[in-house]
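Following: one structure in structure tokens, then a few remarks.
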Amino acid sequence: MFEAIAFYLFATLITVMFTITVMTSQALYALTAMAAGMIFISAFFFILGADFLGAIQIIVYTGAVMAIYAFGMMFFDTTRNVIEKRSNPRFVIVLGAFAAVLVVFIVLAPIVTTNLEAHYPIDLAVGNTQAIGMVLFTKYLVPFELAAIMLLVAMIAGIVLAGKKMDKSLTLMAEEEIALMHASSVSETLEEGAH
Amino acid sequence: MEITLTHYLVLSTLLFAIGLIGVMRRKNLLMLFFSTEILLNAVNIGMAAISHYRGDYTGQMFAFFIIAIAASEVAVGLGLLIVWYKRTGKIDLDQMTSMRG
Amino acid sequence: MEVYLYIALFAPLVGSLFAALFGASPKTVITGLVTSGLLFISFVSSAFLLSYVMSGHTVHVEMMTWIAAGDLYIPFGFVVDQVSVTMMMVVTIVSTVVHIYSIGYMDHDKGFNRFFSYLSAFVFSMMILVMSDNFLGLFIGWEGVGLCSWLLIGFWYHKESASWAANEAFIMNRIADLAMLIGIFMLYWNLGSLQYDVVFANIGTLPMHIITWIGIFLFIGAMGKSAQFPLHTWLADAMEGPTPVSALIHAATMVTAGVYLVVRANPIYSLIPEVGTAIASLGAFVAMFAATMALVNRDMKRIIAYSTLSQLGYMFVAAGLGAYWVALFHLMAHAFFKALLFLGAGNVMHAMHDELDPFKMGGLKKSMKWTWILMTLASVALAGIYPLAGFFSKDLILEVAFVEHHYVLYTVLLLTAGLTAFYSFRLVALIFHGNERHLEHGIHPHEAYTFVLYAMAPLAVLAVIAGMAFKTPYYLMVTHLLPAVTYHIHNHTTFWIMTIGTQLFVILAIAYAYKKYAKAVKVDKKVESGFFYQLLYNQYFIPKIYDEVFSKPYLKLSKLAWKEIDLKIVDATVDGIANMIYQTGEKTHTMQNGNLSSMLRWMVIGLVVLLVLAVAFTAGYNAVNLQAM
Amino acid sequence: MLAPISISLASLHVTTMAPMLIAIAGALAILCIDLMKEGLHKSLYVMVSLLFLLLDLGAVIDFGNIFLKNGSVLGMFDMMLIDGLSILSQIIIVAGSMLFIPLAMTSKRFHEYNYPEYFALFLFMIAGFQFMVASDNLILIFVGLETASLALYTLIALHNRSKSFEAAVKYFTMGALAAGFFAFGSMIFYAITGSVEINQIALALAKDEYVNIGFVLIAVVFLLAAIGFKLSMVPFHTWTPDVYEGSSAALAGYMSIVPKVAGFVIAMRLFEFLVHSGVVWLQVVLYVAVVVTMTASNIWALVQNDVKRMLAYSSISHAGFVMAAILIGTTQANTALFLYWALFSFTNLGAFSMLWVSRQKNLIPGQSSDHPYEKFAGLVKTMPMAAVMIALFMLSLAGIPPFGLFWGKIYMIGSAVSGGYTVLALIMALNSAIAAYYYLKLIVFMFMKEPIAEYQKYYLMNASLSLKTIIGIAAIGTIFAVFAVNPLLKVITLFVYNSGY
Amino acid sequence: MQEHILSILIFFPALAAMLGFVVHKDSARAYGITVAAIEFFLSLWLWSLYDPMTSGMQFMEMAPLVSAFGISYLVGIDGISLFIIILSAFFTLIGIASLTEKRRVKDLIITLLFLEMTMIGVFSALDAIVFYVFWELSLIPMLYIIGAWGGPLRIYASIKFFLYTFTGSLIMLVGMLFMAYFYYQATGQWSFSLLEWYRLILPVNFQMWLFAAFFFGFAIKVPMFPFHTWLPYAHGQAPTIGSVILAAILLKMGTYAFVRFSLPLFPDASVAFMFPIAILAIVMIVYTAMVAYAQEDIKQVVAYSSVSHMGVIILGIFAMNVEGITGSVFLMIAHGVVSGALFLLVGVIYDRRHTKLMSEFGGLASVMPRYATIFGIMMMASVGLPLTINFVGEFLSLLGFYKQSHSYTLVAGTAIIVGAIYMLSAYKKAFFGTVTKEENKNLKDVNRTELLGLVPLVIVAIWLGVYPKPLLVPINNSVEAIVQLMHDKAQTAEAKQRIPDLAHSAGLNSTQEAH
């Protein structure tokens, strides 16, 4: 009984929060609504017994991702309300709703399946985090390492793209200007070296 | 009454649909990235629910990696946005149509 | 004997090539002399062959294979038998005379050498036509003479009418050649070969309807070449060419090729008598038809051309009725005196500075005494007065018609004989008797060169003696090959009444012609504007009908075909398809408008479309399963 | 407490990851070099990455021999699957990259090449693609896909031109949406089969005799959308022309080859077992998708007046052409796919590098885009050699006989015919007729029009020795393909057949 | 050396063209002539080595190309392809010898030599794909010739020519792949070699589809009636040398392919399609003759006349008997010689007056007598006068088809009439009448280089008209082999009856050998 209430409570909360993020014209409201939504999702994880995942959700998603978005918002000074010229808005909503209805129509049917044995059975004796650790570092070791590489790639991309070096584009400058620029920069380093 | 896997799948589909509407509706790129976040979160819920009802950790693993992917995506996305913002001063979608036809 | 055959055949070709060498350069008499000499050599060797063939032998030689594909085997084979040797004699005699004549006639013409080269080429193709031993060899000659007649009619190509007439002649002949070709195809596919001996040997084995069709097709081919009724208009226009050409080609040799074909293919036609009678009746009709047109014509050469047409009608009547040797005999005789008549007319034309209308000249008897004698001699022979050749050949045809109980044909031929006499002497009377109308136009006639007159002499002699002298030896020789049928009326009295009757009728016609035209002649408008006069003068309006019904619509249709069908329909469809593809590109191209949100929308639309398909499929699938359970 | 796990290292076949690790090690090496010494010339980084790629290729070829001896190898807790498909695609990926990287040695200086990070990201991207193709597990495929894509977005953006940013942002956003679809699709599969390994999924579905067909179709729809985006299938192709025009010509050429071959391998792994087990729906949808992609992109290419955009549409059309192999599903079709792609990579890379050679930094007045047709007008008069080269690549793309792509085309149409898809074969043939028009248009401009003065000095501006060698290699690959076709065919058939396709 | 003569013949011009890049611009034409002359003598040597009595393939060469897919470089010639190869070599020599083009002569020579390679390649290829490769390759040089040296509308004409034929050949390619697949199903391994395909007997309905597929490719190339609209544009815009080669050789690829592919591979379908194609052929003959009659431009008259002649060739091919097919093969060569000469002649007057409108000429016979005579001879040959080359071909083709149907041949026979009409009226407009235009007054007559091209053609036109035996015997023997093959392969009764069985009529046949 408990569980049903919790489910419906959180479900409605999440849907409302996300609709706000999507519908509002205020950037700030969108951000905060989404953060709240994230928190309720982590609540779901706890309900479903995926404690480690819930924690990760809070730390990574709400913590890191939302923080970056906040910085982004400040940087793009979109604090004032975002005016957007909508082209045929109703079509978009109708299309989204129609897609939802279609998928729900299929998903409603109960899944009839015989093979129920789980490859990595959850046994409640062992703590969720420990079990996840076990599975993560045996079966899913390769994706884990690759995820690390991916994060490294993302980091490099972030740094390189946002870096100051991108301001003067060599692609657009003619050859002479580049040569000129290099000559001046070499002299600067010399001066620094000299001081 | 008893919450079954279908409930969660329906919820996940709904959230996915909201995310889709967001993606299609938004003209501001930042807001658009929010919607992509919603998409991935919707899938996370579904994954967690299936792993719970199936009693199998793979779902949680998938959710875990999706979070990792979402994080790196945000990084690259914002990086691109910053460069675009420095270059044009606006992050509105409709300015970005120099290439067409 | 083979060497003579080759000399007879290739002498004209050598002459033509020799003259062609000088084609572009101005007049050099040598070409005329050399070609005439070579033709004379060809005549001499033909005479040798004649003597050899008189004794019943034939010369058959095969030079080399021409076409050999599948079961078809056609050699360049030549045969000299009784029929071909007569034709060779006729051709060589007349062409030698005409060559010598044209040295005189063409001496002021810039294209002198070119003329002789074409003329000798013509004789060469005529020799091939006559001497070849298979139908396709005949066809080579057939088209060869067609080509040379095109060259010669259009000799003075700067004249629009000449080049038009040349084209008309060639195309008209080609129409008939198609029928001939179809006949040849039928022969090949039914008998397996085109050699004369093979064909005539087992023509009988074929079913009757095939033989009739072969006969008809071959006759249509002959009709085209001999300008019989539907395909006759080109002969009148062919008079645009120089007169020696008309004399040689359009009187003596080419036009008779049709008769030669029917005579050569006599085994075929003897099997199908009803086709024969059809040919005969057509011949008779053409005889009458041409004679009527000649009555009123005001162009000297056209009158003679119509008379040739009429005499050809006579020959076809004879051939149609099965009297092949009579047809050939008349062909020979006619060739001599008709060529003579034409050459005479040539002399008059030269004297009158190319003036052709007899009404604009007269009383030339005084200044051109010899030409007058020769032309009168020819006209008398043509009319068929007793001692001369005409009587023996033309009246014989009348007898044939009488004996074969074709009384209708007989009466028509009798009437035509009268008309022939009338118009030929109308011509002679107008030109040589009566007052000298040409003086008003300031023309002073003079007689032709003497050697030209000497050249015409042999024809005159032949025109006289051909009838009596040649008849029996010719009959004995030719019946080796052709069916030997003699025609004589049994009871004596009708024979005499008939011959005397025709003679009297003809003399009466001559007298009436003299009476009407010998004295001063006045052109009374009333007669000329009469319906019959106009009808005859415009050749029954047939050329106009052909022009309106065939050539103009054909041109209009081709313009339509090109402009409308080719450009507008066929071409347009092709470009239309290409353009349609390009246009679809242009229109659907706007989907790519570069706006990111529209791109995203397209992705979601794609997704939704697939979802709709999936849901529809599953719904259908489940429904089917429910029933199945 | 869980029982400690003792697994012998040998059984893990760690070596299966060798090629990818070499690439990653290369990337890290480049980063460290940059760390130690700033401002080194790009040629160093090009050569270093070339060396590492060479090692990588050697490792992959070594795995090829192992595979031929004892079949596909499952490594790292059955996560890595090294079978015929993965080896072939890895060879194409690494070889393609080796052909691409020297194109960085341009005579003119471009922004992205004075970043060592560019080459590091490049190698990471290659590792990402290799992981993508070398695994049977949807999670690893997804992570590999994302790593590679993120690196690719940055490579595009580093060209530092407003068009490049626009292209990168568009590619990124649509990529994010496609990632969403991929995740959702794999979630549905996980829901009905309880596993994310493709062969497990196949087994589970077979055991259930596709009873919950609805779920299967939904999962297929979402995955088709995701992979369709990667292969630029028609409704999901809208990014391709803008991204190709935005990025540098060399990278555009690279993008038309390597990501697509990875996409094809995933598509083959995912959809072939469904097509074989008779999911008629998928056959119909794929049939329509193939026909629409081919014809629509051909028709749009007709109306282009920029050569680069035309080549973008033509690569969509070629991708559509090759997608038919998945639909047909026979071994011959799959072999045709790889043969076609090997030949296509030579020709397309050659064509794009010819554009790269004629890259001009600033447009002359009145020039509508980077490479308008007018730029190549009358080229035979000014630079006959360049004109012959471009004509050679254009003719090969159009499928004119002796050149490379013709053999790929006939083998592909042949497999369509043998697979019983006669109408499809006809449509494929007619499409190359439509395609011939716009390839011909460029040849006509080059050979039959008068040269326009202003463009003349821009031609071969960007040419340098290494660029010319790459074009030379591509040209040799296109001209003498006829001799390579037979051995290639034998090897590919062997690989594809042994890996059960 | 002898067994590789075909490969030498094919690849020698290509190699020479490659080396041609080095030759200096001014002496390019001389280089072209020497290479073409060597090639021509090689082809004559080939003719001398060829043994006319055997009917099978000679000088066969086989080298595996893509053995996994059954494609091999298989070349060989028999009576049918021998003479067209010699004609190609002959016409390239004649073309280059009488070249009066001034602009970019070196590129033109190189393209022509490449074109020669493709032409000889097409006629000697026995492997379907190798045939297709050369078939496609021949389009590129011709595209470049029409496109670069052509008239005002050259680009439209060249693109239309290229795309039209390319689409047709693609459909043919699908047909070939189908054929290979049936062969694979029947025998278990892939092969594109034509001789293997000859042994394959297909069910009739497959034959129908394949025949249709091949028909598209060939019909566009011939060009047959509905697909002929590219020809007037191509000829209208092509330079003289382009028109000559296009008319003389490239059009023959279509008809040659009918004899080499459609007939022996699908005998029943060919018989079934015989009458519809005969109707198309008759339309080709009569309709294009009428269109030719309505033309104002003399080059278009000759262009449409070649479509009309191709109609007769198609009729001969579908006569399905030895006479008909031999006639059509001979007519291919005859038409090559005649139309090639006519286009050269049109080129002569075009070089002088730079216009092709007949209204511009008039009375040329008096101004240029030698030109008028040569044009007259060639015109008479084109109209099919006996003792000229065309007559032998036309006569045999019509004779052959007469066996299949009398009425069709009667209508088709009008070819000789309508042919005469448009040809003679064109000749009259151009040559007869008085010289009205001022420019025509002092036109120079045919000069030496032009004669160098024309005189050999006139000699050949008359020599082969009088003595066609050296050509007819080899063609006849090879055609007999094909007809016998068709008869044995035929399944339907109608096909058995229409295609004559030469075996039992050997009696009649042997007599012919005796001569």
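Letters are used for the chains, namely A, B, C, D and E, taken in the order the chains are written, and counting of residues starts over at 1 for each.
Just so it is clear, a contact is a pair of C-beta atoms (placed from the backbone, for glycine too) under 8 Å apart; a residue touches a chain by one contact, two chains touch by 3 or more.
Keep in mind the model is a prediction, meaning the values are calculated, not measured.
S.K.: What chains do subunit B and subunit C have as common neighbours?
M.R.: Chains touching both subunit B and subunit C: A, D.
S.K.: Relative to subunit E, which chain's C-alpha centre is the most remote?
M.R.: A
S.K.: Closest chain to the overall C-alpha centroid, by per-chain C-alpha centroid: which is it?
M.R.: Per-chain C-alpha centroids compared to the overall one single out E.
S.K.: So which one's got more C-beta contacts, A-D or C-D?
M.R.: Taking the two pairs in turn, the one with more contacts turns out to be A-D.
S.K.: Would you identify the chain whose Cα-based centre sits farthest away from the centre of subunit D?
M.R.: C
S.K.: Compute the distance, rounded to whole Å, between the mean C-alpha positions of subunit A and subunit C.
M.R.: 101
S.K.: So what's the Cα centroid distance for subunit B and subunit E, whole Å?
M.R.: Subunit B and subunit E have C-alpha centres separated by 66 Å.
S.K.: At what distance in angstrom does the C-alpha mean of subunit E lie from that of subunit C?
M.R.: 36
S.K.: At what distance in angstrom does the C-alpha mean of subunit B lie from that of subunit A?
M.R.: Taking the mean C-alpha position of each chain, the two centres sit 7 Å apart.
S.K.: Name the residues of subunit B that each touch 2 or more other chains.
M.R.: Where subunit B meets two or more other chains at a single residue, that happens at 5, 9, 16, 19-20, 23-24, 26-27, 33, 54, 56, 58, 61, 65, 68-69, 72-73, 76, 79-81, 83, 94, 96, 98-101.
S.K.: Where in subunit C do residues touch at least two different other chains?
M.R.: 578, 589, 592, 594, 596-598, 600-601, 604-605, 607, 611, 614-615, 618
S.K.: Which residues belonging to subunit E are in contact with no fewer than two other chains?
M.R.: 163
S.K.: What is the complete set of touching chain pairs?
M.R.: Every pair of chains in contact is listed here: A-B, A-C, A-D, B-C, B-D, C-D, C-E, D-E.
S.K.: What residues on subunit D touch subunit B, complex-wise?
M.R.: Result: residues 138-139, 142-143, 146, 150, 153-154, 157, 162-163, 165-170, 172-173, 176-177, 179-180, 183-184, 186-187, 190-191, 194-196, 241-242, 245-246, 303-304, 309 of subunit D touch subunit B.
S.K.: Going by the contact rule set out above, which residues of subunit C touch subunit B in the complex?
M.R.: 589, 592-597, 600-601, 604
S.K.: Contact residues on subunit A for subunit C in the complex?
M.R.: 87, 92, 95-96, 98-99, 102-103, 105-106
S.K.: Inside the complex, what are the residues of subunit D that reach subunit E?
M.R.: For subunit D paired with subunit E, touching residues are 380, 395, 400-402, 406-407, 410-411, 413-414, 417-418, 422, 425-426, 429-430, 432-433, 436-437, 440, 443-444, 447-448, 482, 485-486, 489-490, 493.
S.K.: Give every residue of subunit A touching subunit B within the complex, in rising order.
M.R.: 3-4, 7, 11, 14-15, 18-19, 21-22, 27, 30-31, 34, 37-38, 41, 44-45, 48-50, 52-53, 56-57, 60-61, 64-65, 68-69, 72-73, 75-76, 78, 82, 84-86, 89, 92-93, 95-97, 99-100, 103-104, 107-108, 110-111, 116, 118-122, 131-132, 135-136, 139-140, 143, 147, 150-151, 153-155, 157-162, 166-167
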